[in-house]
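Both of the next two complexes hold chain A, though its partner changes from chain B to chain C.
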Partner chain A sequence: MKPMKPYPFYFVIAALALYVTFFIIPSLAGIAYSFTDWSSYSEEVSFVGLDNFRTILSPDESYLSFIGNTLVFTFWTIILKTAFGLGLALLLNRGVRSFVNGYRVLIYLPAILPTLVVALIFRSILNPATGLLNSLLRSVGLDGLALSWLTDPAIALYAVIGVDSWKGIGYIMVILLAGLQTIPRDYYEAAEIDGAGAWAKFRYITLPMLAPALMIVTVLNVLYGLRIFDIVYALTNGGPGYATEVLSTEIFKAFSKGQFGLGTAISSILFLILVVTGYLVIRVMERQPDRQ
Partner chain B sequence: MFRALRAPLAHIAAFIASLVMILPVYLITINALKSSPEASSMSVEWPSELHFENFLIAIEKGKLVTSFLNSLLYASTATVIATLVSAMAAFVMSRHRTRFNRFLYLFLIMGIALPVNFFTLTTMMQVTHLINTKIGIIILYAALQVPFSVFLIYGFIETIPRELDEAATIDGCRPLQLFFLVVLPLLKPVLVTAGILNFLNIWNDFMMPLYYLNSSANWPMTLSVYNFFGQYQSSWNLVSADILLTIIPVIVIYLLGQRFIIAGMTSGSVKG
Partner chain C sequence: MTIRVKGASIPGALRLMGLAGASSLALVMASDASLAAPKLTLTYMASQEWVKDAEQDLAKKFEEKTGIAIDFQILPSDQYFNVLQTKLNSGEGPDLFGGQSGVTDLKLQYNVEKNAVDLSKEPWASKEDPLVAAQSTVNGKLYGMTYWDIVGNTWVVSYNKKLFAQYGLSVPTTYAEFKADCQKLKDAGVQPLFEPVAPGWHHVLWFLELGPRYEELTPGLADSLNANTATFAGNAAMTSAVTQLKEVFDNGYMGQNALADVYTDASKAMASGKVGMVLANTGFASLVEHDYPDMKASDIGVFLMPLADNQRVNINPAGPTHFIYSGSPNIDAAKQYLDFLAQPENMDYFIDHTPTAMTLPFEGTKTKFSADAQAMFDTHKDARGTVYQTAVTYVNPQWMDIGADLTAMFTGALTPEKVLSNIDKRRADLAKAAKDPAWKK
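Let's turn to the complex of A and B:
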């Protein structure tokens, strides 16, 4: 008797069915619906060509500024999280020799908290009159820096960026720390014998060896930043005015207002940006096992 | 001189960073025990009197028992479904490397990057009669966790020797027996990691219930905390108590499973 095939296709079906039903079909249908005037007011859905995209890209509307806010958010959170995450990873890798795991557990803590909860806590901390941040600034005489963090249109987006970076630093630190720990000690010892200083060692050993991890961190942050929703929704809900409105909060507003065609068009733009980025992610992740 | 100072300075820096990171949790904890006027500024001072009754008031007024059970139900069942179907799919795709399976794997993990289209997903939820139902949100959560779970488990399966499959098959194991009796027990470490990450993601999620659960009887903790905050914004002691009750399970799971969480977070990004 021939032994039966131990890897039948039906093992894949459940996962595939869930994924196709709730991810792929809605995404593809979404692209089709973004060329319609689909709304909650009327039963009829008719083809309107590129109208939704014209509205979104029109300079008379504010949608371009939402795309801009999303990109500003993504850019600055990447810079802040990577800079602080790398600094802390270096600190825990070589600086401190004891209690490393303890520090790591504490610094990573915000990353596992629900984003909604973090936003609510920071609404209290950033309160201009009674909040902890401004009380602290006033107590050290920096009254001029005690700003209306979440209600001043000029700085609200940066306050949101700050809160999100605070939450995400630990995650980035953990990935970079794991990357640092794969760099063999001998490289540094050899460099020291050759008379390399701290900067030379960082520049010519640490940075190149850490490049794959930095790449991953950047891609993950891009994917995260472009989709950002909870932290903005719960901190400012896009306000004051449209100062912190990003693509996902605007999508939710279109959803609440019943503007389904327009909302799907915004979703489709986001979808296309992320498919391209997603393709890059897969390419990068796929390269990992070969690199030994 | 600098070398002697280096270790203490590093400790001071790491200590300050840790303090900044845990400060908000500390704030929530102490303010949950204060009276309403004392908590109004959410200060770092220790409460003058301990008000443990805040928790009871928050539980009663926020209907937290229902929400807690909902969160527990959604997170645990969706985690089990997602982890199991992903493990089965990952096993076959990893072992049987045809061109088609390779494509299927990339197609599935592409979901890590894709955004959800909430408009057409609504239609899909309506067509399948899953909208505003507990079973609907569970299936939706399971589907959303599939891509990352497949990615995580796929990488681990390569470490399990193929000879085991062959031996089991020769001994007359059918595919389901082979998977559940031989392979699944060996996948335990990665299943724990995937399970913890899925559970936390679902427990912490706020967006799906916001879109797809109208009835407050079906709300999970996150949505009911948000709603509670809307009603009791002036009573930060109660809001803090409510928040603390939401994050205690998260923190407990984190402290118990942090090795697994960090293993999952770093896998794929930095394989040595």
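Let's turn to the complex of A and C:
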């Protein structure tokens, strides 16, 4: 039999050229510009070494808190979306018997709403004086729980996390549900014959078999969380003060102010965090099956 | 995204019909010379809010008179400077462009010596208020026409006269008196002050608009700041103003919802009768009456911002300004348009048809200030000064940062001293970026 001939290399040249022109070169240029004082205030662009990075990492500046906010946002959205997404996926996979497709649509619906729409709705709902949430809480006598959700710096970031999780749970649920449906029922039947309870089946069958899907959602959540911009920008614009400022909103602000060198330096740091975190998450999760 | 605002003029309609293939109708109508298609279309690019309806009306009249149409290209304010700079730097600027005057911005943001046309010899130039014209002038050359109500846009505290009378309050002239008034209103269950902190820009006015007061207490301070021989941090009057602003917030005078309030609700708040005061420009009373006819403009009084015991009128001579692009092939037509706008009858039309405009900064222009505002300006006619976002370099570009810092101060995350030192730090960064020689010493 004649061996299959591979496609010639030049088939990829066009795609490669586009990738290099529109991704690799701009990315490298961005990293190069992070070592300059490029700004809209001067036509000259000078090499400033690590000055921009020193500024960002200085304890006298607020940038470290923006990095902290980004990490806190990422951590909690991963936990909330995965926990609730998994719970709902389990429920819809086996627990609920009727109107399953309807529930799936309802739970997935927030994921397809534009972020700006979600933010505007929640800005109204979470308004401390006139918002629906506080009005409801007050109407049932829970005045103490009627908080300044988006304007109290102690809780504003968590309110944003809550809104983003609400929007994203459906998406995560769909991925995990797909993973759950690939697990053969035979495994559960065999475990039941051996006397395994619900927790044992979850711990020793569902979780290991779902590991690939969990890895996908974790990596997706990590990359999404670290790059978060739209929901923060639309809900709080980084405020009150800097309580919800994250790296991407600060990059946007730096560019808006014409501080291009500083903006590219923050982008470079975000890129580094993304690469390192993404790599670590994949390594850690790849080891999980070996432990079973 | 560009929003093109086009008047529904007949020539405009003809162009549309021509595109749609309605050429026969167009030919019939074109027999009337006054309805002919414009011989030229000038593009005018501006930020949101800078082009008032009255100017668009005037542009239509200009087209009827000269056959030169104005194509307004209005962009969202947060994208405007980036788009404009891209167009100017790529040599594809519009015939006319809007910009914020102010000597620092003229050089840094617009590079007017390269991108704009010298208008010093235009007939209207000598009639423009010198204080205002100075903000569009670089090296003795006037580059822009500020067609904006500069004096009327002075930010003052508007107050509900009926509430003040009901609770026996007098107009405060010091911070202590202001605080006492606020406390009395609060005790009576009235929100003393509607202060919209959420948008991030309004509460900054309380601090930077007091430039004339800082200058009064430390003559030459703005020059020293610009020469990098003085700082915001450590200045007693500034520290006092910021600390007092925090006290106003901490005491609850701004209400419980200040961090979520937005400025667009200011007239509604004032008209509700549940709010004692609002920091707004002098046209605010007319605007409230326009939006809520039950509340009369005469029921709203004004007084100067009393932080740091200020009793000087804070004028910002900078404002949205018309520039002609130096690379435009239609410079003469663009000059003709500016000259048309400056005709007395057209300025009167603009003032009459713009609720927030009380006057225009040109000699002999009419005014429509309320009696209270006029009295305030008359009383303090010799006590005027320039606000610090205009008088001091590298302050205006960090306006929103200062807003975020002040909000952080309200919430306890920053001290007043730190707010001021942050301003110095950002000024130094911007000066360094601009390679300002005063920061190289």
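The criterion applied here is as follows: the second predicted complex is superposed on the first by the 252 of 292 C-alpha atoms of A that agree within 3 Å, B and C clash if a C-alpha of one lies under 4 Å from a C-alpha of the other, contacts with A are read in each partner's own complex, and residues count from 1 in each chain.
Quick note on the criterion: a residue touches a chain if its C-beta (ideal position, glycine included) is under 8 Å from a C-beta of that chain, and two chains touch if they have at least 3 such contacts.
Predicted, not measured: the structure shown is a model, and the values here were computed from it.
Asks: For A:Asn237, using the defined touch cut-off, is the partner it touches chain B, chain C, both, or neither? Pick first, second, both or neither.
Replies: second
Asks: Quick check for you: in the superposed arrangement, does A:Leu120 touch first (chain B), second (chain C), both or neither?
Replies: It touches chain B, and chain C stays clear.
Asks: First (chain B), second (chain C), both or neither: which does A:Ala159 touch?
Replies: neither
Asks: Classify the contacts of A:Phe22 with the two partner chains as first (chain B alone), second (chain C alone), both, or neither.
Replies: So A:Phe22 only meets chain B here.
Asks: Between chain B and chain C, whom does A:Ser40 touch in the aligned arrangement: first, second, both, or neither?
Replies: second
Asks: With both structures fitted on chain A, tell me whether chain B or chain C touches more of chain A's residues.
Replies: B
Asks: With both complexes superposed on chain A, which partner does A:Phe271 reach: first (chain B), second (chain C), both or neither?
Replies: After superposition on chain A, A:Phe271 lies in contact with chain B alone.
Asks: So which positions on chain A get touched by both chain B and chain C?
Replies: After superposing on chain A, chain A residues 127, 130 contact both chain B and chain C.
Asks: Would you tell me which residues of chain A are touching chain B in their complex?
Replies: Per the touch definition, chain A meets chain B at residues 3-9, 11-12, 14-16, 18-19, 21-23, 25-27, 29-30, 33, 38, 88, 91-92, 95-97, 99, 102-110, 112-118, 120-122, 124-125, 127, 130-132, 135, 166, 169-171, 174-175, 178-179, 182, 212-213, 216-217, 220, 223, 226-227, 229-230, 233-234, 248, 251-252, 255, 260, 263-264, 267-268, 270-271, 274-275, 277-279, 281-282, 285-286, 288-289, 291-292.
Asks: Which positions of chain A touch chain C when the two form their complex?
Replies: Those in contact with chain C are residues 37, 39-42, 44, 55, 127-130, 148, 150-153, 237-243, 253, 256-259.
Asks: Within their complex, state which residues of chain C touch chain A.
Replies: My answer: residues 78, 81-82, 85, 108-109, 197-198, 200, 256-257, 259-260, 397-398, 400, 404-405, 407-414, 429-430, 432-435.
Asks: Quick check on the complex: what are the chain B residues that touch chain A?
Replies: My answer: residues 6-7, 9-11, 13-15, 17-18, 20-22, 24-25, 27-28, 40-44, 85-86, 88-89, 91-93, 95-96, 101, 104, 106, 108-124, 128, 139-140, 142-144, 146-147, 150-151, 155, 158, 165, 168-170, 173-175, 178-179, 200, 203-207, 210-211, 222, 225-226, 229, 236, 239, 243, 246-247, 250-251, 254-255, 258, 261-262, 265-266, 268-272.
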